[in-house]
Amino acid sequence: MTTRTTAPPRQAAASDGTGQHRPSRTLKGERTAAAWMISPALVLFILFLIIPIVLAFGLAFTNTRLISPRPGEFVGLDNFAYLFTDPVFWASVRNTFAFALVVVPVQAGSALLLALLVNAKVRGTNFFRTVYFLPVVTSMVVVSLLWRFMYEKDGLINQFLGRVTGGAYDPIDWLNDPVWALPAIMFMSIWQGVAFHMVIWLAGLQTIPAELYEASEIDGANKLQQFRYVTWPGLRQTATLILVTITIASFSLFTQIAVMTQGGPLDSTTTVVYQAVRTGYQQLQTGLASAISLVFFAMVLVISGIQRYLTRERS
Amino acid sequence: MTATEALVLPDVDTPDRATRSRPPARRRVGITVVRGALAVFFALPIVFMLISSLKPDLQIFADLGSWRALAPVGDVSLDNYTGVFDRVPFWQFLLNSVVISCATVVLGVLINSMAAFALSRLRWRGRGFVLTVILATLIVPFETLALPLLWWVNKLPALEADGFSLAFTQGWLNTYHVQIVPFIANAFSVYLFYQFFSSIPRELDEAARVDGAGWFTIYSRIVMPLSGPAIATVSILTFLPAWNSYLWPLMVIQSEELRPVMVGLQYFFQLNVSWGQVMAYSSLITVPVVALFIAFQRSFINSIASSGVKG
Amino acid sequence: MSRKIGRIVAASLATLAVAATAGCVAGGGSGDGAGSSSTIELWTHAGGNEAELGVITTIVEDFNASQDEYTVEVTDFPQDAYNDAVVAAATAGDLPCIVDIDGPNVANWAWAGYIQPLGLPEETYDGQLPGTLGVIDDEVYAYGFFDVALAMFSRESTLNDAGVRIPTVDDPWTGDEFDEALAKIDGLGRYDQAVDFGTGGGGEWIPYAYSPLLQSFGGDLIDRSTFETADGALNGPEALEWAQWFRGLVDSGYMAQTSGEDATADFVNGTSGILYTGNWADATVRDAFDDAVVLPPPNFGDGPKIGAGSWQWGLTTGCDEVDGARAYLEFAHDTKYFVEYGEATGLIPATLDAAEEIPAFAEGGDSRIYLELANQFAVVRPETAAYPFISSVFQKATQDILSGGDPQAILDKAVSDIDRDIEQNGGYTF
């Protein structure tokens, strides 16, 4: 985060400096244009993002309730003190990280494999691309319901595994087993989202000039070398984009949990956003829920800072 | 071995690559088999949904644990669909979702791309600060802000046409725009456009400047036409959540005439859940989105190749 | 240098600020014009439930036709969305005059100031099942047209083959008898599960269905003598016994830790030998089996218990037309509408007068047993404003217990959470 925070202003200052050599009319025109173009978005951001965030920030230090005749009172850090001693909250943090740590690389990687597979020049590309994309366009609520059916102990998945292994497989009660519930949700989430990232990878693949492949073929590179030296370097920017997208989706994990497990069994699938929603809407503790949200903001800021640092453009 | 090779060989439908040979026949078969297996994997749950939508509730559960769940066998009919249309004003919900989603997408693409253009192409003081703030809000799940936002939109004024006179009313509840306006500006869309614009060579701007083009012309005539993939990505990323929005309309919409499709799904969860109708309704609301993707997928994926812009 | 940007941004913000102020002024100034007929808004959870919505529409049309001072307007929401819509509207200060309320929420909404006492004459409620009235401090805040009852369903053939006595309302199974029955049904080898308690359900189903079992063991969700603490009630020896028994059913293989999506469908399809659910399943079960039997829940020591309190009608605090709303609520409280509700929904009519007019619920009728169960065994969920919180905690605790967690630790944690909440809310005193 820090690199980002400081770098652009310096850049802006530098261009201001060089601006002195240009006709000032141009620069003025540039500023006017910039102001007109950024204002609509800025106003909307302030109204519908910044102000609610500030409100949430304020609420986190009160004991405001969703339904109550008593006005909220300032309670200082009480909400945070409670959170940090609450084992369920810690379980949520652990699960959220575990989910992101597995899903981000696996989903990004499988999406790339899918993209390469779909990109191969074989008939039916459009058809397969569309079929793979079906889960993406299906609502997550609906998808979660469907998988809840399939994960049942004598549901389709166990039937299939039993058939494949010739009965050697001892059926797992996926969503009721504290060990397997989270992996089951990870699997289903990847299934749902992977095709979207496949499409982003595909778009990235198209930006790689064909001449580079031809040149490498002339140089006698094999397919693996081609991937290593031509394809991968050409996908750097796409990779950053995909990592950020999946990270966002993983940290916001909520719908699947709410529909499939409600955080159970034994807190093995509860997540931070799920806890925030449960605390805020079901338990009506607006203040405490805001505190959870605030911790969540802080958490993702640190993560995205690290991620931006790791994927920064080296120049 | 061949599979790995197939995987690492990118092959694109661009004219200048048409000269390159297709994979040999044996590998083509291999690739198609793998693709087919994956297609089954991705489609099965959706097939399960479609098939179940044709069955009575009790049979759905009787068939659940066998191949029958995926086959249109037994008492198959369109009863669930007629049930859905009897029960909810489906076309009204559909129209609402189309209006809301499309308005959000169009305005979102316009406003976020302009902002990104100003951030990536123009020099002005405060740019770095604004960019930092926008990036910092990249990961804010809507669920955590819904309550403050609800309280806040209820304080906002609205201009209402009453015959020929305009009047201000307080509160945005129960309107179309409360489902649209808060979701137009989107940090992630700005970020996407910003990233993409940065990859478009600046020389193009310079040349246009020399020709006397203004910044708006550069934005609308040069940069945007080159940004097909970014526009497509942002459109999908804006459209899907708008189409699937549930929590927010629940909080801000009271009249049935303004409800979107996902709220409609709840009509089927009564004391006795009509699972067949749930499946039918889910299928009905998924179809338009799939159609949309099929319609746009070519331009989505191929536009960059034809635009002549290379990483 | 960037003054221009500043000016534009400032101008946009200023415009908005002015607009906002203007809006507030306009909003504050605009009052309801006194028309010839004033509108009374009514919200219901019955969206998508044609039977119930049909009755509501009939009542409203009759009322509107009966006088010309007021016009009642119905807005319906799907059930799962309804509570959120009301809370959102209350937050925004935008509640309608008349709302329907799920029974256990009455106290919370009254405490929050959403609803006020109905103020109808006492005798209005003569002969009404106690579970269908929302009473707090001797004031009626809401009344309902119907109630639902929990019961167990099975087949005569199943019970006979297993050699199990068929219990009656007057002579229900004891806890031991029930366990023995499960063992015998399990021994038939006919079913995946001897009993299906609907453990796949979530949300309010859990306290509605399982807190009566807890109460039959002698525990409770809260100490009802003070409503100040759950200590002793939810974590005492009786509660622990309940928890161990409930999880024990999973361990012994008599019950699924999480049953299927639709327990009734599974029962009809022959997955389970006994089904524990509400009387809304009655028609489905009787359609499927000629020898279906309805059984009272077992007596685990403190007598059989079932939940009570379904949807009820209340009057909001912010209502401008209190007299009109009262007139409507009094008009609607008419035996003929109770009968219509009962006939349309198949649920238990809330007054004995209405029950006599519906053949199924009259003496000797097929559904009479539900009325008896509701009349004899019903226990309302605690009438305290803390209920939504207690419900949420109990849901998690029950799921954790069924998942095999340490019952004493889970119950102790639930008690400390509930007590903390009550204390933070100043005891939820009015």
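For reference, chains read A, B and C in written order, and residue numbers begin at 1 within each chain.
The rule we apply is simple: a contact is a pair of C-beta atoms (placed from the backbone, for glycine too) under 8 Å apart; a residue touches a chain by one contact, two chains touch by 3 or more.
By chain, UniProt protein names: A = Sugar ABC transporter permease; B = Carbohydrate ABC transporter permease; C = Extracellular solute-binding protein.
All values derive from a computational prediction rather than experimental measurement.
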Farthest chain relative to subunit B (centres taken as mean CA coordinates): C
Pair with more cross-chain C-beta pairs in contact, given A-C and A-B: A-B
Centroid distance [mean C-alpha coordinates] between subunit C and subunit A, Å: 37
Subunit A and subunit B, separation of their C-alpha mean positions in angstrom: 15
Numbers and ranges of subunit A residues touching at least 2 other chains: 16, 31, 34-35, 38, 42, 47, 66, 149, 152, 154
Subunit B, residues touching no fewer than two other chains: 64, 124-126, 147, 151, 156
Multi-partner residues of subunit C (at least 2 other chains): 1-2, 5, 84, 91, 260-261
Subunit A - residues contacting subunit C, complex: 16, 28, 31-32, 34-36, 38-39, 42-43, 46-47, 63, 65-70, 148-149, 152-154, 173, 175-176, 178, 262-267, 278, 281-285
Residues on subunit A engaged by subunit B in the complex (per definition of touch): 1, 4-5, 7-12, 15-16, 19, 26-27, 29-31, 33-35, 37-38, 40-42, 44-45, 47-53, 55-56, 59, 66, 113-114, 116-126, 128-143, 145-147, 149-150, 152, 154-156, 159, 191, 195-196, 199-200, 202-210, 213-214, 223-224, 226-227, 231, 234, 237, 240-241, 244-245, 247-248, 251-252, 254, 273, 276-277, 280, 286, 289-290, 292-293, 296-297, 300-301, 303-304, 308
Residues of subunit C defined as touching subunit B within the complex: 1-2, 5, 19-20, 22-28, 30, 43, 47-50, 75-81, 84-85, 88-89, 91-94, 148, 260-262, 264-266, 268-269, 278, 280-281, 284, 288
Interfacial residue positions of subunit C with respect to subunit A in the complex: 1-2, 4-5, 7-9, 12-13, 16, 84, 87, 90-91, 108-109, 111-114, 192, 202, 256-258, 260-261, 388-389, 392-393, 395-396, 399-400, 403-405, 421, 424-426
Subunit A-facing residues of subunit B, complex: 4-14, 16-17, 20, 22-23, 28, 31-32, 34-35, 38-39, 41-46, 48-49, 64-66, 69-70, 111-112, 114-115, 117-119, 122-141, 143-145, 147-149, 151-152, 156, 181-185, 187-188, 190-192, 195, 199, 209, 214-216, 219, 229, 233, 236, 240, 243-244, 246, 262, 265, 278, 282, 285-286, 289-290, 292-294, 297-298, 300-302, 304-305, 309-311
